[in-house]
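Below is a structure I'd like to ask you about.
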Amino acid sequence: MTYLRNCWYMAAWADEVGEAGLARTLLDQPIFLFRDADGAPQALLDRCPHRFAPLSMGEVAGGVVTCRYHGLAFDGTGACVHNPHGPVTRALATPSYPVAERHRAIWIWMGDPERADPDQIRDLGFLADAPDTAFNKGYVLGGGNYQLFVDNILDLSHTDYLHPDTLGGGSITRTRAKVEQRDDGIIKIMWDSYDDVPPPLVRSKMPEGVERADSWTHVEWSAPGVMKLVNGAVPAGTPREGAGNSINVHIMTPESERTTHYFFASTRDYALDDAELNEAIRRIRAQIFSTEDEPMIAAQQERIGAADFWDLKPALLRIDEGAVAVRRRLDTLIAAEQAEWQAETA
Amino acid sequence: MTYLRNCWYMAAWADEVGEAGLARTLLDQPIFLFRDADGAPQALLDRCPHRFAPLSMGEVAGGVVTCRYHGLAFDGTGACVHNPHGPVTRALATPSYPVAERHRAIWIWMGDPERADPDQIRDLGFLADAPDTAFNKGYVLGGGNYQLFVDNILDLSHTDYLHPDTLGGGSITRTRAKVEQRDDGIIKIMWDSYDDVPPPLVRSKMPEGVERADSWTHVEWSAPGVMKLVNGAVPAGTPREGAGNSINVHIMTPESERTTHYFFASTRDYALDDAELNEAIRRIRAQIFSTEDEPMIAAQQERIGAADFWDLKPALLRIDEGAVAVRRRLDTLIAAEQAEWQAETA
Amino acid sequence: MTYLRNCWYMAAWADEVGEAGLARTLLDQPIFLFRDADGAPQALLDRCPHRFAPLSMGEVAGGVVTCRYHGLAFDGTGACVHNPHGPVTRALATPSYPVAERHRAIWIWMGDPERADPDQIRDLGFLADAPDTAFNKGYVLGGGNYQLFVDNILDLSHTDYLHPDTLGGGSITRTRAKVEQRDDGIIKIMWDSYDDVPPPLVRSKMPEGVERADSWTHVEWSAPGVMKLVNGAVPAGTPREGAGNSINVHIMTPESERTTHYFFASTRDYALDDAELNEAIRRIRAQIFSTEDEPMIAAQQERIGAADFWDLKPALLRIDEGAVAVRRRLDTLIAAEQAEWQAETA
């Protein structure tokens, strides 16, 4: 599969990469994530250049990973720093990848390393700034192509059918989304609903007796699959000012053509010190995404099989406007990148 | 794999398709079987035209299936009857297949729908007519190509080796089968055995002291893989008139190139109200087919692998006459159908 | 995958082939090993020529295997000796393979049968001669190409990293191996270490207080993957004469391109009647090979995937000299054999 290369992919939550490191396949490549002596993340191809043993089966100490098969040791640049069997040479290097830790996550650049600029990582500072009592997160290894997982967030009308007992109430379906394609590469999809029945989870937070709400759900996508989702609601007809917002991220990174690392997190601008609420939010989200979204998307993938998505001629609905805009944007970016590389190598 | 298309395949036992419907892959196609408001069976491609979610993950009510992902609803013709996101258009249709309920079973036509005539369904009225106390059935998902499962019924000499403790006693091996290729498309294979040792299960029903029997086993195959099997036995030299017959069906429908829906049922023309006998027959047949036949055929398939059966040059024996006649008939039917389609599309 | 054909592969330990025979895939071919009426081993393609059922699902009696599906019976030459359904003809034969029992093992020849000479089987008489109290053996079905398993024995420096608590102490790493390519086809790799720290298992057998040892480890490979390994140690500076030797074999036979039958055994020239020691050796070796070597090699294979080993450009170290010599030798033998066959069939 052809992936966008010159961009930052989320590789892991920062706390997933501890002393022992983390082996994870990203864009079909086995990668070993670990930390140097200063705690900075590093990423190497998880394959010793000598006999191709996974470096992740070895040990990390002082920012150096030692292969468990023959004792070659590498630092975070991929350079061999110890060879028990002869001289340390440059030929013993293993590929490394630019990585950066931002916003409680570790990001990896799997394209041209000279272009890797951590300042291009999407600004998700609200995650880093959130107190621990107002930050929760999760991870699901999903059985479908990452674009299907992206579609799922860009077309939230699905909540009305897939999550009717929690997130869906029909108001998204009854609201036509506005789609903005911004110059900074962000595509923004906005559902603003007025005087409608709120979803069960929203209704439970409304004052007693309130049956209708004004609500908003705004998603901002940027390449390759990083989405910020803000939503909130007030009793119908009351001012939005001062209403609490739920502020979420959904980030999709391909593991392979048919599997996706689905990272999600949630913070908010109210009840920041309510640890109990925080834990309840974490639990319900993990449950919904793993038992309702993931199985549906895995089933979609099974039906699609090896076919190209567009070759199957999906029937397009109004609700797909945002998702289709994003797919086209991503296709354009990938095509441009491929064309550039072909021009360089011609 | 190239299947015969313009014919009726058994898709399910009628009682397998209840309120929730039934998802089943037939001839490599995922199919959703359900019932309309009148209880008539319907069959749709189990893939929503919008985003390819399986319709079988949705809900059926009043003969309409609603997709669980975005709420599109379809009737049994495949037409969209409800779109919460915009107009109902013809582009939203999903493929449907002619189906019919006959003889306690549901049959599907996966070829040219204009040719689908339920009167061409093989007459198995004896199944429908049997009282519940003289009808039993079963189903096994078999790990081999459907033609291997068909072969297994057309060459019953295998019972002498694979089922020596129940169905086999050697008399089939010692009897040369007569094979009739009839004009109505049926190929009939007849084993008539005289004054021979009966199989254990037959012997147990003979009068005490009787050690030899006259017996008959007649199989009638029609395309694609529908077989009626009648057998009975009397003490050697006594009249056949009035002897009880066991009347069975074995029906094979491809799930995929290497897996088969094996449907079987049994009725009889004696002891029609003996529910206990009926249950005993059901149990022994299910056990034999699932623990002796299916593993052997799955092992055959594993040895054949991806090779064409004839390319492996099977050694032909006298006992294969019926099975080979059927394979050749089926190959001829498939080749004719392919030629006709190529002529039409040329 | 192209295998060397005209050579003896170890198929099984002799005691693995009992009355019921043994089904085992060798070089991608399903083989049925059993014994004739005199107890001599026989090998047939494990696929009945009639309908391709595995013969191993049948029964062996008096050196004849009877197919469980239709009762055809074959002797060890592959000739049909009983056909319940008609004449016994030569067309009913199934392929057979030369086999021989030597050195407690059964060997199979999967090349030109006319060249099969059991005297070419590697002389491992020390296994046969060992008393039962000084002979132990094991078997692991390994998840990697057989050449990776061969490499593992030819480069024993891995013991210092993969088995630091038992077999490794660093002395192999600190010793440059001598490699001899002998005219008889054997490639011999010798590690002779002086005044060095012995591995934990060796140290435990040294006199109390002895911290340094002189040790030797000699491996002799012959095609396709038969290796004899002799090692021993004495307190540093003391005479080697009279010191005990551990005498081992490691034999690799391909099951498929990515799986290997790994046979290993151990005898010795001391403490020949110590059954308890023998069992302790058996246990520790089986544990190390199955829980440390096999998982590492399976992980290597996963990283290599479908790629050719050399195409991945492995970084060569001093320690690889013996393993590389063996890989080149084997490649040369296979290429010569292929060239000869192409010349014959041109």
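For the reader, a short list of remarks on this structure follows.
Letters A, B and C name the chains as they come in the text, with residue numbers starting at 1 for each one.
By our rule, contacts are C-beta pairs under 8 Å (C-beta built on N, C-alpha and C of every residue); 3 or more make two chains touch, one makes a residue touch a chain.
Since the structure is predicted, the reported quantities are computational estimates derived from the model, not experimental observations.
Superposition of subunit A on subunit B using C-alpha atoms only gives a rotation of 120 degrees, nearest 5.
The pairing of subunit B with subunit C is characterised as different-residue: of all residue numbers used at this interface, under half are used by both copies. Taking each chain's centre as the average of its CA atoms, subunit B and subunit C sit 48 Å apart. Among the residues of subunit A, none is found touching two or more other chains.
The touching residues of subunit A, when paired with subunit C in their complex, are 30, 46-47, 49-54, 57, 66-71, 83-86, 91-92.
Taken together, the subunit B residues at the contact with subunit C in this complex read 151, 155, 157-158, 160-162, 173, 296, 299-300, 302-304, 312, 314-315, 317-319.
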